[in-house]
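A, B, C, D, E and F label the chains in the order they appear, each numbered from 1.
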Amino acid sequence: MSDVYTVSAAPHIKEKVSVSSIMWQVVLALLPALLVSIYFYGTKAFLLTLYGAAAAVITEAIIQKFRGVPVTIKDGSAVVTGILVAFNINAAAPWWIPVVGAVFAIAIGKQIFGGLGFNIFNPALLGRAFLMASWPSIMTSGWVPTRLGSINGLNLGSLPSKIPEVITSATPLGAAKALRDTTQVAANMQDNIMNQLASMDTIQNLFWGNIGGCLGEISAAALLIGAAFLAYKHIIEWRIPVSYIATVFVLTYIFGGINGLFSASLLLPVFHIFAGGLILGAFFMATDMVTSPVTKRGRVIFGIGCGVLTVVIRLVGGYPEGVSYSILFMNMFVPLIDRYTVPKPFGEVKK
Amino acid sequence: MIIVYSVATLGILGLIYGLGLAYASRKFHVEVDPKIEKITEILPQANCGACGYPGCSAYAEAIVNNGVDINKCAPGGSAVLGQISKIMGVEATATERKVALIHCQSGGSNNTFFRYKYEGIPTCKAAVQLSNGPNLCNYGCVFQNDCLEACNFDAIHLDENGMRIIDKEKCTSCGACVKACPRDLIELVPVKKRVHVLCSSQDKGAVARPACGNKTACIGCGLCVKKCPVDAITLNNNLAVINYEKCINCGQCADVCPTAAIFDPLKEVRAKKKAEAKAKAEAAKKKVEAAKQKAAEDKE
Amino acid sequence: MKLTKEFSKGLIKENPVFVMALGLCPTLAVTTSVQNAIGMGMAATFVLVFSNIFVSLVKNFIPEKIRIPSYIVIIASFVTIVDLTMNAFLPEIHKSLGLFIPLIVVNCIILGRAEAFASKNNTISSIFDGLGMGLGFTLALIVIGGIRELLGAGQFFGMNVMSAGYKPILIAILAPGAFLVMGLLMGLMNLTKRK
Amino acid sequence: MELIGRIFALAIATIFVHNFVLARFLGLCPYIGVSKKLDSALGMGMAVIFVMTLASTFTWLIQTFVLVPLGLEFLQTIAFILTIASLVQLVEMVIQKTAPALYKALGVYLPLITTNCAVLGVAILNINEELNFIGAILNGLFAGLGFTLVLVLMAGIRERLDKAEVPASMKGMPIAMIVAGSMALAFLGFSGLNI
Amino acid sequence: MKYYLKLGFILLLIGAIASGVLALINSYTEPIIENNKLKTEEEARSLVLPQAEIFEKKSIAMERAESKPDPLKIQKETSGSNEFVFYIGKNNQQEIVGYTFVAKKYGYSSTIETMVGVNPDLSVNKIKIINQAETPGLGANCEEESFTSQFSQLTKAELQVDKDGGQIQSLTGATISSRAITNSIKEGLNNIETALNNQNKKEVAE
Amino acid sequence: MGLKTFPGGVHPHDSKEFSKDAAIEDLPIPKKVVIPLSQHIGAPAKPLVKVGDEVKTGQKIAEPGGFVSIPMHASISGKITKIADFPHPTGITSLAIEITGDGKDDWIELYEEDNFLELTADEIKNRISEAGICGMGGAGFPTLVKISPPTEKPIDTVILNGVECEPFLTADYRLMLEKADEIIWGLKLLMKTVDAQNGIIGIEANKPDVIKKMKELTATEQNIRVVGLKLKYPQGAEKQLIYAATKRKVPNKGGLPMDVNVVVQNVGTAFAVYEAVRYKKPLVERIVTVSGSIVKVPKNLKTRIGTKFEELLEFCNGTTEDIGKVISGGPMMGFAIPNLEAPVAKGSSGLLLFNKKQAHRQKENTCIRCGSCVDVCPMNLVPSLIAKNVRYEDWEMTEKYGVMDCIKCGSCAYVCPSNIKLIQWIDIGKMKISEKNRS
């Protein structure tokens, strides 16, 4: 046996990439966001993330044992899912929230479909949607101010009159949403607050992360560093994030103003891009390869679809934020998109 | 008053619909296969879609035209199943039952000689593509278990040596494994025939014998051909082939095969039977003799 | 002997919900609580039994061609009867079952049994068949409803049974939870069956 | 302009917010049964759209011009189901004769639709929600569209799952339920949508 | 042809029998159902305005109905949009002891109907949710006493949920439903006010 | 110098440093050769000799077995000792003629044409046909057939493929460096046979010296261009090369270069054409690269067709480590073979030896749908979905996703992070589909 050679099919050389190297690099790319979160929210942020990741890994191991398939927790994909579940929850959440979310994400979101590569829906987001539906009040209220004391990123001092609680205790997007309802915010205040939201001040806070919100989403800067790293490593591809963000930009510019079409300043779309989970979603979750299209055209369609839905939900939906639902919703279309965007083979003759 | 109205309304509705449909069914009548119609009628008309077809008539059509399984109607249950099988299955039961048989006794890592170490996708089809397969024998089983995967009835198992064993009870002789095996090792044989050539090598003996890790290659010596009392064996391309229509399960070929390529599971049974028969015969003989003696004695 | 068989087959072996996956809409829609489940189950059982009786009685007078429409009329009549009586005497349950009472008409289980069983068997066995199927249906509804109510509201039959600190998994009584609980239950059934 | 806005709002509401399958639990049997293949799902979807629109139209007319004037609302169920059943059968026969190609693509699904609660459901809902004639027709159309949307998505997903290592006990119906639950979760994103 | 006539006839017969039976049953149940309905309404009315013995129905045409028709429906022009119905509650002595009306507004996933009892000074006496299909566990909790009791004795101005700066504590996780109820009551009070003013004016004019 | 290229592709390390600077050496005449009758695409050749016959070097020993076929010639002089199944460099066994040499290397009469560039197209074709030339770039398509297109598809451009994009291989490189003039003459001859106005020599950017030299030599030629190509695999694949050099796209679904008025020939083929036309010398030898990090002295060897691989390795002093894998051809498309007994064929460009570690292939994981394979596929296919449909035996979808268009370049499998053996799956798919289409 020892002097028989190996025979395998071509190619006989292989690029040095593997699933686990990809996944651990994603974990690495998520670290800056985690650090910012720890800076603003304290060790609780770290603990919640740790619980999420640990619960994901343990669940994966248990289910794989039970199914009698190889245990693949070392490949890091469960860690990514666990971290992202935790990144999607409020810093005020009790410890069991990330745990339950991660367990659901791995068990129902991933393993039940056969494990890595077979799931249809983004497990982390399914976990979040599950938490949202089960404990909406924990998930959507009681935002914690950062250590610098900001929740909505607004410079409240610069606003003239007394501001209703819907604005003061809300995240930036929550405030933007409340603005659209005259029963909640007096009409004479709308413009004023809107201008404040779309000001450089607020946007700076959004960029650095001095806002209330889910653990992982607060700092656009930290997320962009991670995203740049992934892009450089060719782990994520530009199509989904770019088409996603561009769509949000265009649509919020057109429809985002409260006084009708095109009534917004150019800063409002920028506000919408940095606020909420858009950066996290566009670069880290919409790009989840398992649940996004494999074709290039398909990725653009996917990104645009996510963008449209995000804006619809933000502007007229029942929630302030629509990133997670829009990605989940587009996940359903992926099989169809894949099917109808098969690229033309090189040299395909036009009919 | 309400009663009058309601009776009238529903009656009129019923009449209109009934007449309309009756008229339409004449006007738009389309011929269909009577078999389909019959099965459609047997089916419960719940049109629930549980069978995976768009409605009862579609399922009936699929049964008749595409030979789909007849056990898919959930609401109908076993009663309907029986009735359909009466319509469809007359010919299915008539033939002799067959089971799959693998004509190779090698094909596990313990009893195989290797040409090379195979690293690739675990399918036989792919393995035979690479330099004639990882095992030294060009005709033998490459043990990547395509047949096992193909069997929908869980009829093929691996034994402790990694050899494929076919469960005669479970095998439905669907032939899926026959199609799956790229080495053409599998054949459907009548379940009553028990003596088989368990080798498919068409190499000459000098090549075949050393290549077989189980040392049971057919070397094409032809002894079995000569021995067979009913001329059921022929040599094709250095390989003995049994014609099962002629074979009488006598096992004489297996006795003469120098490499044990022919396998006779009945050997022991037969030996036992023979011994018994012999014992019986002897007993009988003794009896006769005793009787004779007695008679003789009596005479005396 | 035969009758008990007709009766018991619907409970487990040919359970219309778990095994045959029929009549899914009411199964999922009304099982937010055990109470609703029982109401729905009873209503369906009533219709099932009586339509089975009538179909088996009139089966010989009805020509082949209009078999289905006739059965539908019979079933629809019983459904309406249930609808009216429940509305009159059990207005609360009637309200929470809402739309799904008239929809019993199109529940595949009922037409299916009428066609597959009652139209071919005598009245007595038809009654037992209907009872069995109906109770099987009810049983399944109760199981699902029980789980959903327990998880989603921390209650069973309207009574609090979970400890005070329990934060109900709301999703269990929402639409997605219905599907998920149903899917997991079916998977569990398969798992126990193959073991 | 305002009318268009309201029609649009109705469309969004019926297709996404109160999706017939995922939020109202109507038409689950075909949703699970006919979603194994994309082609069949498309055919079924088209047929459902067609029938739902037609059924909405006719049942609304019957309710408004026959049942209500005569005070026969209690005959609603029976009259509607008869109407739908006959309508479907009629359409089926007409298509089969006049357009065999269309029949192959669409018509074969028609019988399945009679026992689809979504059709009777939309007919009754039109009345319960006091929609006017145009509203009823549109509601039927949009409900059908919503049904088709989720049916086709489901079929796409299940075709992909056919080629996945789903655990054996979850294969088939159970995993379809899980997918349905996940889809319903995703559709929750539209809840509270208000245009 | 004759065959088909026979078919039609049999179908007619079945239909006729069925409908006959149904009509019979209906004639029996209908009054009960009707009665039930009235009774529940009546009960609700007395519940929110226990002082009153008799209720007098009033309906006034509103110039511009404030309550937006349910945006998600293309509905028949039903009453309610252009007409405001309320009841005047009187005691044995024919004194006006208050008013009741049904407030309606679209909440999170359904139109929530609230029976409101109003004191003569136009503050809320008591409310009862009579119809809603909000999310169980969230909006559906609005039926609970702990929520509805908050409304007692509030005046129009005080009707506002906490998130909007008012004093009504909204249901956890269901601000939308809470807000809808609160605002619908407020609108109703407005309507009653206008209605009474009109009446007064009319009376003065007479 | 604007480098041209094609969409997609991968960047494996080119590993040419091992044998790049080794000048072509003659391998000693072997004692025994085994000449497979099927060294090309098309019908196998039919033997003209019997066991026991004496043959001279260059003597025709087998004639074409059909229209798409070529004759075979003895590559050494000696005696025919066997006509039987022998190992073939693609790993299978196939019918071959064994010649046991007499050590004399006794050639048939050669010939020298001085004005070979003046010959008529028909005469050139005739000599190419007689010499048994098939493509030496890998696929081994009979050259005569390529240069005899139907009249409705005139050829205006002949492209010489000097890309050699496979890592490790340097045979074409050395040939171009050492025999540049001859190759250009070969190109001219080829252009003449098809009456093409343009000649292009495509060379990858990692061979700057060759590009420079070729440019110098063709400086005065109006109609011959040297095109520098970006370093990217599979730059040398026919369709990709044509696109890079001319922006023409060969139609898929069985389209041929002649559909876009092009013929592509390997530089080795051009050299063989030159020798065949000028000297009437049959194709009995070729350059083979012997390389790999464990080969003691990697070399480029001029080798007689039919020489067993073990002799080549022996000439390179063997290996420094245990051999783990033997590859006939390049690492991306070559065949791993179970032993060193296979002979050099007309298309064998290399012999690579890997140690055990290099030989090992990771086990497959599940596809994570990362899309890397889609991004690199030069044919714009979706390899992951093709493989998946093959795995689950959905032949209809397999075909719909375009398996038959795959050129088996291996780029997809090279990049797959899950180690999916995409090519192997695709191969099965191709097999099944062609089976289906045949029946």
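Methods note: a contact is a pair of C-beta atoms (placed from the backbone, for glycine too) under 8 Å apart; a residue touches a chain by one contact, two chains touch by 3 or more.
Here the structure is a predicted model, which is why all the values come from computation and not from measurement.
Trainee: Mind listing the chains that sit against subunit C and also against subunit F?
Mentor: Common neighbours, subunit C/subunit F: A, B, D.
Trainee: By label order, what chains touch subunit D and subunit F together?
Mentor: A, B
Trainee: Which chain pair is joined by more contacting C-beta pairs, C-E or A-F?
Mentor: By the number of C-beta pairs in contact, the winner is A-F.
Trainee: Look at all chain centres (mean of CA atoms) and spot the one farthest from the centre of subunit B.
Mentor: E
Trainee: So which chain is farthest from subunit D, going by the mean of the CA atoms in each chain?
Mentor: If we average the C-alpha coordinates per chain, F ends up farthest from subunit D.
Trainee: How many angstrom between the C-alpha centroids of subunit B and subunit A?
Mentor: 54
Trainee: With centres defined as the mean C-alpha position, give me the subunit C-subunit D separation in Å.
Mentor: So the centre of subunit C lies 22 Å away from the centre of subunit D.
Trainee: Report the inter-chain centroid distance for subunit A and subunit C in whole angstrom, where each centroid is the mean of the CA atoms.
Mentor: Computed from C-alpha means, the inter-chain centre distance equals 42 Å.
Trainee: List the centre-to-centre spacing of subunit A and subunit E in whole Å, with centres computed as mean CA coordinates.
Mentor: 43
Trainee: Would you pick out the residues of subunit F that each touch at least 2 other chains?
Mentor: 91, 335-338, 360-361, 366, 421, 424, 427
Trainee: Give me the residue numbers in subunit D that touch at least two other chains, ranges are fine.
Mentor: 29, 32, 74-75, 78, 82, 86, 114-115, 165, 167, 170, 175, 178, 182, 185, 188, 191-192, 194-195
Trainee: Note the residues in subunit E that touch 2 or more other chains, in rising order.
Mentor: Where subunit E meets two or more other chains at a single residue, that happens at 7, 11, 14-15, 18-19, 22-23, 26, 30, 108, 138, 176.
Trainee: Every touching chain pair, please?
Mentor: So, checking each combination of chains, I get A-B, A-C, A-D, A-E, A-F, B-C, B-D, B-E, B-F, C-D, C-E, D-E, D-F as the touching pairs.
Trainee: Of all residues in subunit E, which touch subunit C in the complex?
Mentor: Checking each residue of subunit E against subunit C gives 6-7, 10-11, 14-15, 18, 21-22, 25-26, 29-30, 32-33, 36, 40, 135-138.
Trainee: Once bound in the complex, which stretches of subunit B touch subunit C?
Mentor: Of all residues in subunit B, those touching subunit C are 14, 17-18, 41, 44-48, 50, 74-77, 79-80.
Trainee: Which residues of subunit A touch subunit F in their complex?
Mentor: Residues 3-15, 17-19, 21-22, 72, 75, 77, 114-118, 234, 237, 289-296, 299, 338, 342-349.
Trainee: In the complex formed with subunit E, which residues of subunit C make contact?
Mentor: Going by the criterion above, the answer is residues 32, 61-63, 65-66, 69-70, 73-74, 76-77, 80-81, 84-85, 87-89, 91, 152-153, 168, 170, 173-174.
Trainee: Quick one: in the complex, what on subunit D touches subunit B?
Mentor: My answer: residues 29-30, 32-34, 36, 40, 43-44, 66-67, 70-72, 74-75, 78-79, 82-83, 86, 89-90, 93-94, 96-98, 108-112, 114-115.
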